[in-house]
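The next part holds the structures, each set out as structure tokens.
Common to both upcoming complexes is chain A, partnered first by chain B, then by chain C.
After this line comes the complex of A and B, so read on.
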């Protein structure tokens, strides 16, 4: 497995990783957008795959995924069916291990990528040598066709140490995440926030690209809305780890205010 | 490396988990230019997965007889040895070590890297197989469709091991696969053996090239096949999903409106709709005109004055007070004087006073 991991690290291309936990009804939309993205990437000679990690779903997702894998394995759809439920951080670490390609787009099973823009994000990641690039997420309700808000729409600033405003829905360089030990599996919420802070304090670049990366759907009883206590716990833990002395504002930060567009460069 | 990446977690089988190691084996082999077997022609990822699941759902303790090892350069052997049920695997040894095409060493080396128990793997020559398997009941035989006279070979193994299940890998489409034609001819409907193509078990298995032959009275085979089918049958039919998707696309194109507006059969219907639309439009125009009139009235001096007076009256004589009662009496008196004259007012006052005194 380790050998496979290191071979994959060297292969240029994009793995779209979709952690899933009981999202049978929303998975087809996410997978469809991922397939459209693969087509876009292949048009630009970038190989890709879709890796779905199912965290022991009980709602029929495993059967759906079994069917889809039987139909689309050759087209690059791969499925890891786990027999127990772990944290989202565990899923993301599994994606880091099992991905075939160097770059990973993390897509939640209830969200949707905007395929036309992913090649630009990839170019931005390659040209800036960042650990992660992200862009605007258009926030929608479950079936609306228009966005009513924006997420992940600001560059990294010191206020990131206070609260998270960047979603995990982004494109990352697997090598760099590997080198820093991956996601902290002890976090039961806001593991993405912890990861951005981890990258930032280790001098890595986290770059904002002013393009829409995908659609972020707000759902009733979603994990983000029901994990209040866990989120507070995680936030205070991150505070303790990364900014106990409240001194970050007075220290240099390589990734501060980094914004990049492939057609413009840094701006 | 970091321990976080090594924590093992229990998994259910998927094409990736079954075929992933085989892909890795093939990649290693290609990298080292050991030999080049056309594995893909025989062992498809989906078929490898189905064979894996078949071992899973087999009610007994299956023993694998891999006669496709040579065609897959050992990949099919890995499929058996890496199975978590740890079946005993008898595989054709193939060319002797030293030969460029020898795969035994590569398979063993690959398994050793994964700390797999090699004692379950037995390399034999083709002729030694029948003797080694004598007396075994739960045997799964792997055969490749591109072997010469594969139908006769299937029958030979089923004669030798009547309770065995023979899996034939790499069967092509009807009409363009000689092996399939021969198998259908040898095991027709009503024969004591049944040929089943797993692609017939469900629409999602349409890409499968795996055939299964077993005795018609072999309940283990039939149960396993049915369980496999159930593993791929859900509430959804892909045809209905396709229909939904295409209907949605057509709806989005707005072609319904074009047809309704132009086709003759909607003429009467359209006329009625147009009349209703006109009526609705007229009603809307009337309502707007009335609203406009009301707005003009509200802006007139008299309306504003009356509003102002009403406001003052409410301020000076709030409801339910003696001032209000006085105001009401004065207003009524003024109305009587205006309409009936001052004497009439006096007459009324006198009459009321008299009524009270009585």
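After this line comes the complex of A and C, so read on.
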């Protein structure tokens, strides 16, 4: 497994990793945006692939994914079908292991990338040598004609130790996440929040890019809206690990207030 | 900041700035100071705590609410009461829509502290929106350019240079603004600069938000600065228009309805409804619109001229502070 991990670490390029759990009807939209993103990246001589990790879905997802893989394997689409449903952290760690390229864009199966902007996020990640870059996510409902909220819309500040405002839907440097041990698989919710805190307190850069990265859809019965107890449990665990003494405000944080765009540098 | 208060000064003015809280009121105070110096006045600019025990013809707060927030409301009000004997006239500037709570708060503080006038530094006279009992102390001052801003305008390159951002939207997050940004992504260009943090004070140092310098840095790489008010009343945010001017970008104010625009408003061609924005911004006449915008500013009154007219300050005028001190 270690040898497999290292095969892709040094390869410049982007893997778009899509964890899926029973999103058969929404997958085509996410995959289409991922393919459009690959086209944009290839225009700039950046290789890429789409890696879908299905977490033992019971809807028609596995059949759909096998068909899509048969049709589009040469275009860079690969599928991992898991026998058991694990945590999102497990799926993201599998993406870290199985990706072919150094950089990973995590895209949930019900969300959508804005392809035109991904090359700028990649340049920002490369130029800052950050562990992760992220940008504005426009929050929509399935029936809304336009967004009504923004996520991931501010730089890292000390308030991140109180609550999460940065979603997993972002672009990460696989090497650096590996270096710090990947996602904490004990988390059944908010594994992304735990990762940002983990990166921040270990001196890594987590950088905000002032562009739109994608569309985030709020759906009925989605994991984000139904994981109340798990989220509370995860929050208190993160508090214990990262801010038990409420002292973070008084400690240095390398990544505090980092904002970057390739045309501006840090601003 | 202060200027020499020697024999050549025709009047003396004290500008009181918050120092902390929202940086644009500090900047607004400095602009007023520069304009008054251009009129030949001797100007001191300081926070309330730093105000000297000297006599002045005018004391102008930029603005009174922010000064009191920075100084502490009760303590600040006592300090103003103690200093008031040193000035002949007083005013608070405002760069707010008069139909909002922020203007109302300035009015209430002025009333409480005995400040005579509210100087509305704006682009469009708002007196018609005020109730009769609020009009007496309202003075509209066209927020024209200062001498240093005039120099910047004249130095801007006329040829179009590449700009990284087709548009930029900077302002705190509201549902309406997010919907507008989504519309811009879909109808204009997905590559716009978006910075919409949650509401918090905009200080010059240590703020998570863009300060003046950083905002200008962004606008120098932007073709169109687009915004909409965070309230539903018509208002032409003067700082937005002026910052776009001085950075070579074009301001676009998005309105609920163009019927709100009063007939006497300037820059009507830069205000439009959301549905029009896509078509108007994609027709490739950025350079033509920008030239028109620059020409209109060159014809507009200067801030010093406006302040001189409203405050009754001329080079031969108020030197009475020195007379009074003598």
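Here is the rule we go by: the second predicted complex is superposed on the first by the 264 of 267 C-alpha atoms of A that agree within 3 Å, B and C clash if a C-alpha of one lies under 4 Å from a C-alpha of the other, contacts with A are read in each partner's own complex, and residues count from 1 in each chain.
We take it that a residue touches a chain if its C-beta (ideal position, glycine included) is under 8 Å from a C-beta of that chain, and two chains touch if they have at least 3 such contacts.
Everything quoted here is computed from the prediction, not taken from an experiment.
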item: Overlay on chain A: chain C relative to chain B, clash or fit; value: fit
item: Which of chain B and chain C A:191 touches, first, second, both or neither; value: neither
item: Which of chain B and chain C A:138 touches, first, second, both or neither; value: second
item: Which superposed partner A:112 touches (first chain B, second chain C, both, neither); value: neither
item: Partner, of chain C and chain B, that touches more residues belonging to chain A; value: B
item: Touching partner for A:79 - first (chain B), second (chain C), both, neither; value: first
item: Partner chain in contact with A:263 - chain B first, chain C second, else both or neither; value: second
item: Partner chain(s) touched by A:157 [first = chain B, second = chain C, both, neither]; value: second
item: Smallest separation in angstrom, by C-alpha atoms, between chain B and chain C in the superposition; value: 13
item: Doubly contacted residues of chain A, that is, touched by chain B and again by chain C; value: none
item: Complex contacts: residues of chain A adjacent to chain B; value: 2-5, 7, 28, 51, 60, 62-71, 73-74, 78-84, 86, 90, 93-94, 96-98, 178, 181-183, 185
item: Parts of chain B lying in touch with chain A, wherever the complex brings them together; value: 1-2, 4-5, 7, 9-17, 19-20, 24, 27, 45-46, 49, 113, 204-208, 231-232, 234-236, 241
item: Partner chain C, residues of chain A touching it in the complex; value: 114, 116-117, 120, 135-136, 138-140, 146-150, 153-155, 157, 210-212, 257, 261, 263-264, 267
item: Residue ranges of chain C touching chain A (in the complex, touch as defined); value: 164-165, 173, 175, 178-179, 181-183, 185-186, 190-198, 208, 210, 214, 217-218, 221
